[in-house]
Each structure stands twice: as structure tokens, then as C-alpha cells.
Amino acid sequence: MTTNERPFDLLNKSIGKQVMIRLKNGTDIRGKIVSFDVHMNIVLDTTEELEEGGSVRSRLGTILLRGGNILFVSPA
Amino acid sequence: MTTNERPFDLLNKSIGKQVMIRLKNGTDIRGKIVSFDVHMNIVLDTTEELEEGGSVRSRLGTILLRGGNILFVSPA
Amino acid sequence: MTTNERPFDLLNKSIGKQVMIRLKNGTDIRGKIVSFDVHMNIVLDTTEELEEGGSVRSRLGTILLRGGNILFVSPA
Amino acid sequence: MTTNERPFDLLNKSIGKQVMIRLKNGTDIRGKIVSFDVHMNIVLDTTEELEEGGSVRSRLGTILLRGGNILFVSPA
Amino acid sequence: MTTNERPFDLLNKSIGKQVMIRLKNGTDIRGKIVSFDVHMNIVLDTTEELEEGGSVRSRLGTILLRGGNILFVSPA
Amino acid sequence: MTTNERPFDLLNKSIGKQVMIRLKNGTDIRGKIVSFDVHMNIVLDTTEELEEGGSVRSRLGTILLRGGNILFVSPA
Amino acid sequence: MTTNERPFDLLNKSIGKQVMIRLKNGTDIRGKIVSFDVHMNIVLDTTEELEEGGSVRSRLGTILLRGGNILFVSPA
């Protein structure tokens, strides 16, 4: 079985939409994807750092996240 | 003894099917492979994070997993 | 939905302006971006290392920060 | 003294045969090599995760192991 | 706003001058830059390893520091 | 002063001979070099894992060791 | 201010001479440089592993040290 889809299609379809990103250090952040590149560097808008339970720990606003720190990205 | 098979054939045959993925941090996740690329970045559907015993800890839905975090992938 | 923006545009728009940078080791630093390159190496001016609460722990002046140490960059 | 042998010859000669693989995280696994690539990504059949003493802790079946996690591979 | 400056300009302007370098392992060292390359490998003269408070712990003389160990470089 | 020798010459001269290899994780192993490649991947014969004091902890037989795990190689 | 010197010149001038090398794991070793390559892989002669205070802990003889483990190299 083959597919023409590629993993980065998920990022492309998520531009302008909210995603949850789990970082390698265990932190969860949430924000709206503005842009990304082939290294999975991502600019997020209205970014929030989340507590373990999902409540907001701090508001980070706009950030440029280095892709190498990402465990996974999930459409919120 | 030679073979024409390549490791990524296993991912290709698993598209649309459920796999279990053990991460380097020890976490097990389970989901259906939607797509993957040469870096082993994988999009999974109906993803679940598992407890040590195999029961579901949390439902993650669709995720884009960075390949560098993977220890191994196993057809479920 | 597509966009012509790229993650590094955020750095380019921030030249001469103050940003907050969270490092992989958990430290937060603040300073004005002088220049950057494709590896996200960044020269910052009037750099300050911050305490957990956001107050200034030490003044570092001008620094050349290696990009590989960065978790994220945020316009202050 | 020179030789025409190359390290990956050992993997090639082991296709269809059982090997023991020690991972960087200290885990030992055992299985039959189905295929491998230049990154030392390996597909194993009838894979078993071993206890410290060598007894079987769990059966993993077929897995695609990322080469970067390998400490060494040994014909069983 | 654009600039023609590049991060490595800071190193170039610092040749023959004293800098403070914070390493990833938390150590601070101080010395005069003799030369550097694109990997940020740096030769330092009259190098000193510093205590947390800034006093000298040990004199290292001339060293070739591997760039990958650097957190940041700051003109002293 | 210049030399025409290269570090890998030491490995080449050691083919068929016993070496001691210290791994990054602190383990010492001993064995006879069968082959190696540019990544310092090494096939060893009659490999032994050593205790801190130098006595044999376990016999590993033939192994393919990934070069990235090596701290240093020393002719025994 | 510019210079024609390059960091690796220090290694080249040290061939046949004794150097002290601090490893990333905190260990200090001392030996005479036989050869090196662009990855900073270094062959050392009459190598000694040093105690914290500088006394000799063990004699390692000739070793091929992988460059990636090096923090800095200093002419002894």
C-alpha cells in the first residue's frame, strides 16, 4: 500500500491553526502555526506553556521553536 | 546470503495499519501509520500513549512524530 | 493553506529589538539581536541572564550564542 | 596488514540468522536479521527483549530498530 | 530591518583580545582569542578557568577549545 | 613539524591484533580487530567485556561495534 | 584585525610534543601527539590518565582518541 502523503503535510495543513507540541524535555506547549521549515523549526503565535494537567502555566506569545527540541506535533 | 528488502519496507507495508513505537525516553505509543519520510518522521492516526502495562494513558489523536526520538517501530 | 513566511523571518524582523531566549538548559536570557546566521547562532547586545521569576541575575553584555543551545526565541 | 573485509559484511552474513544487539540504553535484544541499511537501521524477526541474566523479558515480534540506538551487534 | 553583520564578526573583532566563554557544562573560561574556524573551534591564550564567583580556579595557558562545547562567547 | 601519518593508520596496523577499547559509557572491551570503516565502526573477534580491575566480565565473541560509542582504542 | 592562523595549527605545532587533553566526561589525559585529522581524532603516545590532582592514575600507552570526546587540547 502506498500513499502520496508526506509527514510535513500535517504541518502545512495546520498553518493558521492551533497545535499542541510536546518537547523532548517533557514540556507541552500550545499555539497557532505561523510558519515552519525543513528542520521543523516552527513559529507559533499566542503560545502557551502548559501544566501537566493541561492548564496554562505561562503565556509566551510569539516564539520561534527550534525543531530539534520537538518530540511530536499534534493538531489541537 | 543477500536480500532485496530494506528496513523502510516495513514502514511502507504498515501504512494504514497499527504499529507500536517505543521512544528513546521509554514511552510506548500506538497508532496507525499515515505517512513517513527518510528521517523516519511518522504521522500517526488515533495515537495512544501507553502505560508500562500496556493500558492507555492518554489519547493523542493525530501526531507528527520526529524520527530522531524513535527506538523501534513494531507492527502491532 | 499556504504561506510565504519562513521561521527565520521572525529573527530578521527582530534585528535591533529585544528578544527573550530560552536555552535547552532552562536558562532564560534577554537581549537585543545584532545578527544571526542559518545555524541560529545569534549575537545579542545588552544581554541579561534572568532568574526564574524574570528578575535579572547577571548582565552579560554582548554575547555570541551558539544556536544549538536554543529552545526558543521570543520577541520580548 | 590490510583486509578487504568491511564491518557491514558481518550484518550481511547474518541475514536470516539470529543476533544479539546491545542498545546504548543497556537493553539487550535478540532476533533474526531480515534487512539493514547504511545507517545500521535493522529489521529483526521474532525479536525478544532480554533480562540482565539472559532470560526473555518480552516478545516484540518484528521490529524496525533505528541504528543510532545500537552499541553493538553480535551473531548469537 | 536588515544588517550586513554576521555572528562570527564578533569573533573576528575579538582576535588578540580577551573573551569570557561559558561552556555547556557550566564552566566559565577566560582568555585571549588567537584564532577560530567555522566550527567555532577557538585557540585561546593565557586561558583561565574561573570559579562561580569569577576568581581564577586554574591557569590553562594556551588551549584549543572544540566549538561544540560552547554555550556563548562574550568580549570580556 | 609535519607527519604523513593519520590516526586511522593505528587501526590499520592493528588488524588481526588485540586492542582495548574504552566506550563512552565507561565500559572497557578487548578483542582482535577484523575490520573497520571511516565511521570507526569496528568488527572485533573473541571480544571480552572487562571488569573495572581488568578481569573478564563476559565473553561477547564476534561483535560489530558502532564507532560513535568509542572513547578511545588502544593496542593491547 | 585579522590573522592567518587557524585553530588546527596548534595541533600541527604539537606533533611529537606532549599535550594535556580534557575530555567532555571530565577526565584529563596527557600524551605525545603522533597524528590527528580534521575530526580532531588524535593518536597519542605514552598516554597517561590523570587524577584530579594531576598525578597519574593509569598508563594507557598509545591510543586513538575520537575527537568528539574532546573538550580542549593544551600544550603541556
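Letters A, B, C, D, E, F and G name the chains as they come in the text, with residue numbers starting at 1 for each one.
The rule we apply is simple: contacts are C-beta pairs under 8 Å (C-beta built on N, C-alpha and C of every residue); 3 or more make two chains touch, one makes a residue touch a chain.
What you see is a predicted model, and the numbers here were worked out from it, not measured in a lab.
**Q** When you check each chain against subunit B and subunit C, which touch both of them?
**A** Common neighbours, subunit B/subunit C: A.
**Q** Give me the set of chains touching subunit B intersected with the set touching subunit E.
**A** Of all the chains present, none is in contact with both subunit B and subunit E.
**Q** Can you grab the rotation angle between subunit A and subunit F? Superpose on CA, round to the nearest 5°.
**A** Going from subunit A to subunit F via C-alpha fit gives 155 degrees.
**Q** Nearest whole angstrom, what separates the Cα centre of subunit F from the Cα centre of subunit G?
**A** Inter-chain centre distance comes to 19 Å.
**Q** From the C-alpha centre of subunit A to that of subunit G, how far is it in Å?
**A** Roughly 43 Å separates the two chain centres.
**Q** Considering subunit C alone, which of its residues make contact with at least two other chains?
**A** Residues 68 of subunit C each touch two or more of the other chains.
**Q** Moving around the ring in the sense set by going from subunit E to subunit G, list every chain once.
**A** Here the ring, read from subunit E toward subunit G, comes out as E, G, F, D, B, A, C.
**Q** Contact residues on subunit B for subunit D in the complex?
**A** So the residues of subunit B touching subunit D come out as 1-3, 5-11, 24, 40, 67-68, 70-75.
**Q** Which of the residues in subunit C come into contact with subunit E in the complex?
**A** It is residues 12-13, 15-16, 23, 25, 34-37, 41-43, 47, 60-66, 68-69 of subunit C that touch subunit E.
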